[in-house]
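Take a look at the structure below.
Chain nomenclature is as follows: A, B, C and D, assigned in order of appearance, with residue numbering initiated at 1 for each chain independently.
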Amino acid sequence: MEPIRRIAVSTGGGDAPGLNAVIRAVAIAAFRHGWECIGIRDGYNGLFLPEQYPQGGLIALTPDRVRGITHLGGTILGTTNRGNPMKFPTPQPDGSLAEVDRTDELLGRFREHHIDALISIGGDGSLTIANHFAQKGLRVIGVPKTIDNDLAGTVITFGFDTAVSFATECVDRLHSTAESHGRVMVVEVMGRYAGWIALNTGVSSSSDVILLPEIPYQMEPVLATLRARAAAGKRYAIVIVAEGAKPAGGGHAVIEKRLGAAERLGGAGERVAKDIAEALGQETRHVVLGHLLRGGSPTTFDRLISLRFGAAAVRALAEGQSGIMVALDPPTVRYVPLADATSRMKTVPLDCDTIRTARELGICLGD
Amino acid sequence: MEPIRRIAVSTGGGDAPGLNAVIRAVAIAAFRHGWECIGIRDGYNGLFLPEQYPQGGLIALTPDRVRGITHLGGTILGTTNRGNPMKFPTPQPDGSLAEVDRTDELLGRFREHHIDALISIGGDGSLTIANHFAQKGLRVIGVPKTIDNDLAGTVITFGFDTAVSFATECVDRLHSTAESHGRVMVVEVMGRYAGWIALNTGVSSSSDVILLPEIPYQMEPVLATLRARAAAGKRYAIVIVAEGAKPAGGGHAVIEKRLGAAERLGGAGERVAKDIAEALGQETRHVVLGHLLRGGSPTTFDRLISLRFGAAAVRALAEGQSGIMVALDPPTVRYVPLADATSRMKTVPLDCDTIRTARELGICLGD
Amino acid sequence: MEPIRRIAVSTGGGDAPGLNAVIRAVAIAAFRHGWECIGIRDGYNGLFLPEQYPQGGLIALTPDRVRGITHLGGTILGTTNRGNPMKFPTPQPDGSLAEVDRTDELLGRFREHHIDALISIGGDGSLTIANHFAQKGLRVIGVPKTIDNDLAGTVITFGFDTAVSFATECVDRLHSTAESHGRVMVVEVMGRYAGWIALNTGVSSSSDVILLPEIPYQMEPVLATLRARAAAGKRYAIVIVAEGAKPAGGGHAVIEKRLGAAERLGGAGERVAKDIAEALGQETRHVVLGHLLRGGSPTTFDRLISLRFGAAAVRALAEGQSGIMVALDPPTVRYVPLADATSRMKTVPLDCDTIRTARELGICLGD
Amino acid sequence: MEPIRRIAVSTGGGDAPGLNAVIRAVAIAAFRHGWECIGIRDGYNGLFLPEQYPQGGLIALTPDRVRGITHLGGTILGTTNRGNPMKFPTPQPDGSLAEVDRTDELLGRFREHHIDALISIGGDGSLTIANHFAQKGLRVIGVPKTIDNDLAGTVITFGFDTAVSFATECVDRLHSTAESHGRVMVVEVMGRYAGWIALNTGVSSSSDVILLPEIPYQMEPVLATLRARAAAGKRYAIVIVAEGAKPAGGGHAVIEKRLGAAERLGGAGERVAKDIAEALGQETRHVVLGHLLRGGSPTTFDRLISLRFGAAAVRALAEGQSGIMVALDPPTVRYVPLADATSRMKTVPLDCDTIRTARELGICLGD
């Protein structure tokens, strides 16, 4: 195998606290190997659509360029949510747009720019693309990124601790207001398919109910929990709802019928709040934390694992690896085939320790 | 005047960070005067409806009872949002509820419990009631409480710094996500009649647009600001909207007409987000911070002024004052007649220094 | 085995953020099993020296008693640093104090109070005592507690994340001042025998040098690192020193000789700061974070694992376990014989992933 | 007066959170006037010793250059602690260094670079120099900067709220440890001549004793306070000591004699801790927060007043002002002659409201 002289870094998917720390670690570790390190702006657009970047779509990630960015939210590589090169929206002769696989073209650009290897930081989608590149011969290492912690192959990924920490801080704030005003507060957090954020936030913040995508919920046990609290003189409650939580069977049938199909039912949290208010006649409010959980400065925990992931990705390249993702199996980092990491989603196992803890602490899981 | 032997503390209105610090300072300062200090649960309900409190509606606020509460959100005196004794919902012979002035009855209870003076912590409504008591002869000192900072007579009140600080932290988090995703983020904050939270948050967080109740907004300057940013290559923006911000004239006429009167338009933030998305065709999200800004641990600034307010309220009683509110005129505390404090609302003066700063920093105020 | 009806909780050793969360989880999980839960004040003193506690040395840990304590630092069970019952300072006939093994007496007290099982939260010392009780027939479960993360058998324990997070925040603050003033800042953190806090803090905070007890340090590589920074125009540096860091061989010979044995050399950080100032002639300051790292509100991560540890301890009792410690092997909790956990210390392995990361990021480890 | 086309910004003295926010506001407000804005590196060195700056000693502060810096600690203008041009260390023919007034030379450099006005951000020392420039004809506006809040003419200045907030957070952390370990904790904070930080921190954090430079302290009342706590069953206490706190009369005579003049007595905090340990025989620890209070991200309060100060400084120039400092007289900003601001120090008035509050809350002030 030819020696590496220049590597590129790309970030894909949504924002996650820790991205800049990964980038910094990659840049410095590469520099210490004597490799050049290049950042691609806006997913692959900086490489793919250079005409859109008068000042250049590639950034030289020198040690000076990545100085002091470990604790900054966002990413110095720009917008992460960009076109998938395997299904790139491409104008056709008839003026329409078609989704075209343009990965070969992109691989050509890598060669043109003498990029010997790629470190791709992203979730399921970005790592599938990365794996595609690896199969076509580019040396590729993946770094797992998902706020939702739903990526297989790694016990945890960066950004998740920050999201859970901030969600817990928000619930802390709602606690006193819920109590002072005698209200039920329904808090909707991210998690379309996996309930990790809802579960960890709910347990950490001593919430009363946690509804997850993994457990289709019944309203009866939820209402019973709230009634029992009221009977014990506690006039308030906190209910955590993952955005992907769904009622079991036809739980909302009555309400849905009454409202009519035309009316927007709102998110999972709004729906649960309406059901509770209607059933109990108690003042109920809902809060959506979604947009607040992606950004911000990473927690120390996330900083550290981000730096470790970045260093490990460079180490893997130096060891001749390709087509793998670096993963955390505490206390160590290990390598997982990209194909394994992207073939399934890591949902919350119903018998896991945190679920058991939630039940043992008397938290209702809607079942 | 008879010497004071026992005083009571009551909290009214919504939750505000710092309530417990005020209570603690009152309790300790009273103790050091040799006075007993009694907390009334749930507004005046603990005194008024004792039958609802098997364990007693009054709490002896000894130094031990108020230990370690300075930094806790909420209030140890329970629910603050309770019935106004001047318009108390009272069952009538015919089974209906009528609003009845029962303050005389309440004053009787004060006498029964040998309460010589009252410290009332609250906003406009609670202080109006407090003033009523004072006019009827009870010794009363008010402590100003409003998250919105809209109470006249005091430069600032407790809870406001915490609300602005947390709102600013939330906007910090949204910044990186807005930038990474290339979005306009519209953030709605509390402030129905006064825009203090929106103004201070918007300037502190380097937002692009701030819309206040005090300045009826036009969409044109807002859109022009966003277009100018886009033209300069900045694909994102932050817009802060007070919940009470209103369009000038018929700004929403088209949308309102199209949607029909029957459809809920949503809060001020949602409306502005829709207008921007429609006018610019740019991805726009809105976040409502309302419920998150009332609770939580007070900032150090709020802790200190809460303790100072509590100590000053006891000092005022010891000096023979009544019918006044303690107020902050930095660096000192002074006394203001309750009647002055409750006769008008403190809105943001259009020529104040922070408004000038906002304009000089290029922030659009919608005019 | 007889069914459990009443259990006790004891905390030993220094303060650690998360103690109250463990206590709360134990109390609630026990309550849901129908068990009574008793807290022993001040280590075992509440049980052992009841005459010192007019109000009772045992606290009934009902759900109401443990409400709202998850996020509070310290412990509701009082002073943790108390006498070891295996070597209890006991007055002798001649008036002197002798260390006497009084565990049998203590076991008698457990029986008197009908305590069927003990959950002991503590470090090496407390868990050794707990194991002694277990060997004498009391049902005992240990919960690992060490700020330093140096307890064998568990990947991580509660309090450590809080300590590292706060230390990192402190170093963040020192960064800007070090840079503005052109200084070398030497920061001493806890870790007498194991360098986990120093290592994780140093990497997370992008420090330049990290000195651990596990790697006897040479000043030459340290000075070379600082000189290289200065040569690159960076007039400041951050050096993290574990309190147990030691020079290799006679590193301090010259200074020690010059100062004389009589003069206190100060802690590890002070010594390193003096050496640097002397060798480089650069303004150098040292900061000791020791006392600040034990207290405070636990991070969300620590809250969650504390609650999980508490619930798991009760679960282990319910499953008939004894003589074991609950341990975290992420993502799950498992049981480890107390004898294994207390027979050795968990120091930083020199080839572990975080050490490799530190080196790859160019951080000098003094070797 | 000639119109302004180009202004310069200089920062002097120690680090303070909010410096970057002032710089950003100055740069943007100047830009909106159509003025160029130049930052001088390292005090005046960037202008004065250009040969030391291969990349240039002046930085063009365009809006892009100051983007995203509001919340960053430190200053983008580099080291602040540099030579005073009124007493500049200058090599003499005989090889020695003499302090020479080189302000005329510096004024020449301003002219050479076509700098029409200067905004000087600094404390007593820097503003005295700024006033000197103003008297020689340069248009100069001062912005007050002092962590210690001891600058006359302004009720408050930026950086102080951040320092007090972090000091209070540190004391919060020490509270639980002090209680768990049954110790007296002595916390030394900044404040050589004025006790603002000690006073506000001590009250906010419910400390037991506060010692200020303004009140020479007696040990007797301090010890009496600690003994009273112990008698009430409280085995711990928190003592806040300003670095400039001094015993009244010969309070330390015994200790000083015993130790001998040769031995360093340590700072004020260490001394007080020794006295307490000796007098009470109680375990006592001291913590020095000095270095931690200068850096870090500014609080929201400090961000806002920094931005307001920066905008006001440009506004003052536009209004034709010179030789003045912008000052905060809440809620407004006003102008104060530089000569007034630098002619005396603002110490804590012994009858101020916060001192009264401290006494009313039972805090011992050492008198």
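Going forward, contacts are C-beta pairs under 8 Å (C-beta built on N, C-alpha and C of every residue); 3 or more make two chains touch, one makes a residue touch a chain.
Predicted model, so just to flag it, every value in this text is computed and none were measured.
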item: Euclidean distance of C-alpha centroids - subunit C vs subunit D, Å; value: 35
item: Chain centre separation (subunit B, subunit D; CA means) in Å; value: 32
item: Contacts with two or more other chains, residues of subunit D listed in rising order; value: 169, 172
item: Topology of the chain contact graph, where touching chains are joined (line, ring, star, complete, other); value: ring
item: All touching chain pairs, where touch follows the definition stated at the start; value: A-B, A-C, B-D, C-D
item: Footprint of subunit B on subunit A - complex, ascending; value: 14-15, 72-75, 78-81, 166, 169-170, 172-182, 185, 235, 285, 287-288, 291-292, 294-297
item: Touch list for subunit C against partner subunit A, complex; value: 24-25, 28-29, 32, 68, 70-71, 155-156, 161, 164-165, 168-169, 172, 200, 203-206, 299-301, 303-304, 307-308, 311-312, 314-315, 330-333, 352-354, 356-357, 360-362
